[in-house]
Amino acid sequence: MNTFGQIFRVSVFGESHGPAIGVVIDGCPAGIPLKPEDFTADLSRRQSGSRGTTKRKEPDLPEFLSGIWRGRTTGAPVTVITRNSDRISSDYDDFIKIPRPGHADMTAAKKYSGFADMRGSGHFSGRITWGVVAAGVIARKIADKAVINARIVSVGGLEDIEKAVDEAVTTGDSIGGIIECRVKDLPAGLGEPFFNSFESVVSHLVFAIPAIKGIEFGAGFAAASMRGSEHNDPIINEQGTTLTNNAGGINGGITNGNEVVFRVAVKPTSSTGAEQRSINLETGKIEPFTISGRHDTCIALRMPVIVEAVTAIAIADLLLIDRGINSLR
Amino acid sequence: MNTFGQIFRVSVFGESHGPAIGVVIDGCPAGIPLKPEDFTADLSRRQSGSRGTTKRKEPDLPEFLSGIWRGRTTGAPVTVITRNSDRISSDYDDFIKIPRPGHADMTAAKKYSGFADMRGSGHFSGRITWGVVAAGVIARKIADKAVINARIVSVGGLEDIEKAVDEAVTTGDSIGGIIECRVKDLPAGLGEPFFNSFESVVSHLVFAIPAIKGIEFGAGFAAASMRGSEHNDPIINEQGTTLTNNAGGINGGITNGNEVVFRVAVKPTSSTGAEQRSINLETGKIEPFTISGRHDTCIALRMPVIVEAVTAIAIADLLLIDRGINSLR
Amino acid sequence: MNTFGQIFRVSVFGESHGPAIGVVIDGCPAGIPLKPEDFTADLSRRQSGSRGTTKRKEPDLPEFLSGIWRGRTTGAPVTVITRNSDRISSDYDDFIKIPRPGHADMTAAKKYSGFADMRGSGHFSGRITWGVVAAGVIARKIADKAVINARIVSVGGLEDIEKAVDEAVTTGDSIGGIIECRVKDLPAGLGEPFFNSFESVVSHLVFAIPAIKGIEFGAGFAAASMRGSEHNDPIINEQGTTLTNNAGGINGGITNGNEVVFRVAVKPTSSTGAEQRSINLETGKIEPFTISGRHDTCIALRMPVIVEAVTAIAIADLLLIDRGINSLR
Amino acid sequence: MNTFGQIFRVSVFGESHGPAIGVVIDGCPAGIPLKPEDFTADLSRRQSGSRGTTKRKEPDLPEFLSGIWRGRTTGAPVTVITRNSDRISSDYDDFIKIPRPGHADMTAAKKYSGFADMRGSGHFSGRITWGVVAAGVIARKIADKAVINARIVSVGGLEDIEKAVDEAVTTGDSIGGIIECRVKDLPAGLGEPFFNSFESVVSHLVFAIPAIKGIEFGAGFAAASMRGSEHNDPIINEQGTTLTNNAGGINGGITNGNEVVFRVAVKPTSSTGAEQRSINLETGKIEPFTISGRHDTCIALRMPVIVEAVTAIAIADLLLIDRGINSLR
């Protein structure tokens, strides 16, 4: 399922080494101003280049295929793509033979009976998140009052992020990280229980992002060790402002008007310079091997903007649904 | 949105103090043997009664309204309900006036413009999970080779669960807990990336359960502190068996044939015997108040079966989708 | 798929001779006044009793299971059921052996591998439309400005309907009919092209009703014989009023503010008193047989209210979607 | 809603005079052989050129953006586009001022608050059906045993099609037509009642095609004048073969293994050389005007392949759903 959303529907497509990657956004309100430069900031944040991230550099400029006219959305599906210009498939030829631990090589091969395009991890590449970030740019304009900010809080277990990256680069190994996302000025009332609680929708989108292995809202896992009298957030006015925010801005699956806070855990990049072992499907033997291509030491560093994008997508959809159901009142 | 699933679709309905709660399961294969007694074990596990759980006791026997004939599913929607016999609404009358911290009282009131049925938390009550557990009983029969087990690993931060509950009961406060779910003998290939990764579908369902505030797969949050060479699970045979299981049985959003492992964090029951403070919407003043009704000291104790149920629902749907798409090969 | 709708979602369940039939309406705005008597008029119109319809009489009173409190919808799923009290299954026992022409006996048996409940046609019975009519009652309240009227325009090819029914009753045979539905005061702008044109959504729902075999909008099939200069409806004011209405109130799949007009063709009741021939699956021989149970001479007579109900459902959903997407402007 | 399908999901995008039109097919089984030449025959049939169709000629060659590798589908979304090279927007500039009767000019302007791209009818152009035909090519490969054939049975009310077109070309007016579609060798069991009857799914898709205003299955509207004993199709063997086929191959919304037959009514092309009248939104006066651009005398002539495509899409989706639900037996 490469489409998500009930009204504001985002569909991603593309492979790492295919002709292009892109996104179609359906159910997008008409009249939203949109020009290629609107994408620059977010796409650049997602881009490689800084220490700890891969050297692969692509312009990644968005090309509009549909849904935009005279600088505004038209109500028809918005399609945005970018061409894949910088492809070195030979890096990956071996990995059909020796499936890389931590990657989708083996699961994709099984699921798709050997037909999956695995060049550069194909449709499983983190590169697919380009379309997600592009959709996020549009979603933010719908959820325009909400201020969404995600940031790295630690990598490799350290809050001194520069130091942690340096160490990892030195050892040639990769490291994970934790990202915290905060949303201010989000209206109360978003979320559609029972199944589409605000947490459900956000976590659904978050776990679509490759490498994410955990999410917690508000006090999260720490809540499991708390007492109710300590965890409950006293409500201090008629707007529903709370004294503490252990709930992370959500009660009963619905935003309560306070800041939404959640954290996600990013595993270390599966591609690492360190020697690994895996089965050679041709010989049937376990063999040592090394991944020689470029790769991120800490993929988490590139992900705050992706976490923001999926949060914006969740908010945009829930906002339009809530307005739809409640529009007649 | 009270329906979840692409093929195997589960729809819940009902309120804590309404006439009945129930579930409709659509897209259920025909011919599955199903009788009321099949529900007994799981519904009993969900039931109140043990130390640390509420005293409310209802028979909760399932009544079939549709979709069953001669002891088997017919291919038509299966509807299962149970009547609400043990209702004491007066317990809750005050909480429209003074919204309880941690509950949906205020968010539901706002979202539904004061029309939400909040007797016993209404549609936001944990009681709605009765329908989820009932659906899980059917889902298990579809995913019949998978062995799904969830258990409490800690409550109130302690692994000695009995001790933790005793302490909490003594103080009159409530406590949270952590539940771990393991799925053995699950076929490889389940999960529909990009958006419907196995983690996405499970987490979507898990966060529909009231009181859950976090989820992590495999090494989860600990992965953020690990190195790639340490986190990657070496593949040791052609079946994809891995030496370690930091991935929690999932690569690229698709099950890899190893055990699926995830943990969820349950917050302390919001209803606690301890005195709390909240806004009185009539007077506009912050007031102390105490919740006098019966309630669970540790709601987590009743939740392993619910976590198993949503896991079974996720597996059943992903299994039917995978079979559908791949059926022609 | 027993659920229809994107925001306003209607799920039907039940079998002709099962314990109950019913409907769950999800995505229903909160605050809509709703009491059992609101259903009386429409359910009575659907009811049997008049000449040309079956003698089966059930009270069919609606029982609310969820989603209603203090006489209003709460925002939670609304569940309405009615018990099946007047069941004579023995009438139908033979038809698993000899599948009745025109019925779903054989297709359902094949599709569901013999597990389908075929007592009284089971889930394929026209009785399932009870839930559709009940949902229509609620949908009308959402689409409250629209005035939806369906009426029989001919039965058995005759506009003198009484005469046609009399003739058919005399011969013991069944007859079909044509129903025309008109919707006044429908706002312009409903319909979500490309795929969810107004015609697409209405026809989807209409063809769910058993026995309907054709639909045409505006000039319909006659349009195929017209010239463009004759068929085009001149627009005569800024509101979009047209001089003629060959388009049936829809342009480009979107309502244009003029009256919506469509007609549906209803086949003769498949159950007829006349002797028929079909394969006996036990003997493998073609055998003559007669259906002795009660049945409608002209099922079309009971269907205008069902056509109105699905039209209301289509309008309610398209209205909420349109409002949702356009709510921010 | 520009996406259709439950498992095999087709999403169209693009505008007549935008950069490109295209389609994304998600839920497409892996391993289907697919090369650009596979599209030639169907896209050519849809193409303009023959007498009675517009002179606009575009190569319309398909460009694969994703989902194909080594000549086969990979299981990831398949994206196929074609660039719009032959655009003359000036033809249409006036029609925002004077909305053309029969077109979406006014409804789209209202619905999208004036932001709709109406160059060449924008997203409402028949050109969008290019993506539908492309998706149909893939759908046919999934439904590979079914033989789908649609043909013109009459235009402008005449079965002598050449004569009817000649007359219309002479008068400068446009004409409608009727298309009949027949599907042989379709397996029994397709269709998912209650709501997704085979007729519901086909008609939903058919009414997405611009200019279609009616559909009937089997005897269709004629059934309304028949008697039950005449309309019922006697079943003559255990395979369900029927002596007649008034049901059009469908009973209870499920295919019965006989030939599926349906007819659609196509209105005359709304753009006609004849002088028309409409409101001038700038002056507020009704004015005569003439459409000078190229256009089809009889758009129905280009539509059999589109009707085949949507039929193939319906079959592919229903086939995968049926296999999915029934795969475990």
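Order as written gives the chain letters A, B, C and D; numbering starts at 1 within each chain.
What we mean here is this: a residue touches a chain if its C-beta (ideal position, glycine included) is under 8 Å from a C-beta of that chain, and two chains touch if they have at least 3 such contacts.
Treat the numbers as computed from the prediction; the structure is a model and nothing was measured.
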item	value
Partner chains shared by chain A and chain C (touch criterion as defined above)	B, D
Chain whose Cα centroid lies at the greatest distance from that of chain A	C
Type of chain C:chain D copy interface by residue overlap (half), same or different	same
Rounded Å distance between chain B and chain D, as computed from the means of their C-alpha atoms	44
Chain C and chain D, separation of their C-alpha mean positions in angstrom	25
Whole-Å gap between the CA centroids of chain B and chain C	37
Overlap residues in chain C, where contacts from two or more other chains coincide	1-3, 6, 12, 27, 30-31, 75, 108, 111, 113, 123, 326, 329
In the complex, chain C residues that touch chain D	1-4, 6, 12, 99, 101-108, 110-111, 113, 121, 123-124, 128, 154-157, 168, 171, 173-178, 188-189, 191-197, 199-201, 203-208, 210, 212-238, 240, 242, 246-248, 250-256, 265-272, 274-279, 281, 284, 286, 300, 322, 326, 329
List of chain D residues in touch with chain A within their complex	1-3, 9, 11-15, 18-22, 24, 26-27, 30-31, 63-67, 69, 72-79, 81, 108, 111-113, 115-117, 119, 122-123
Complex contact set, residues of chain B against chain D	6-7, 27-31, 75, 142, 319-321, 323-329
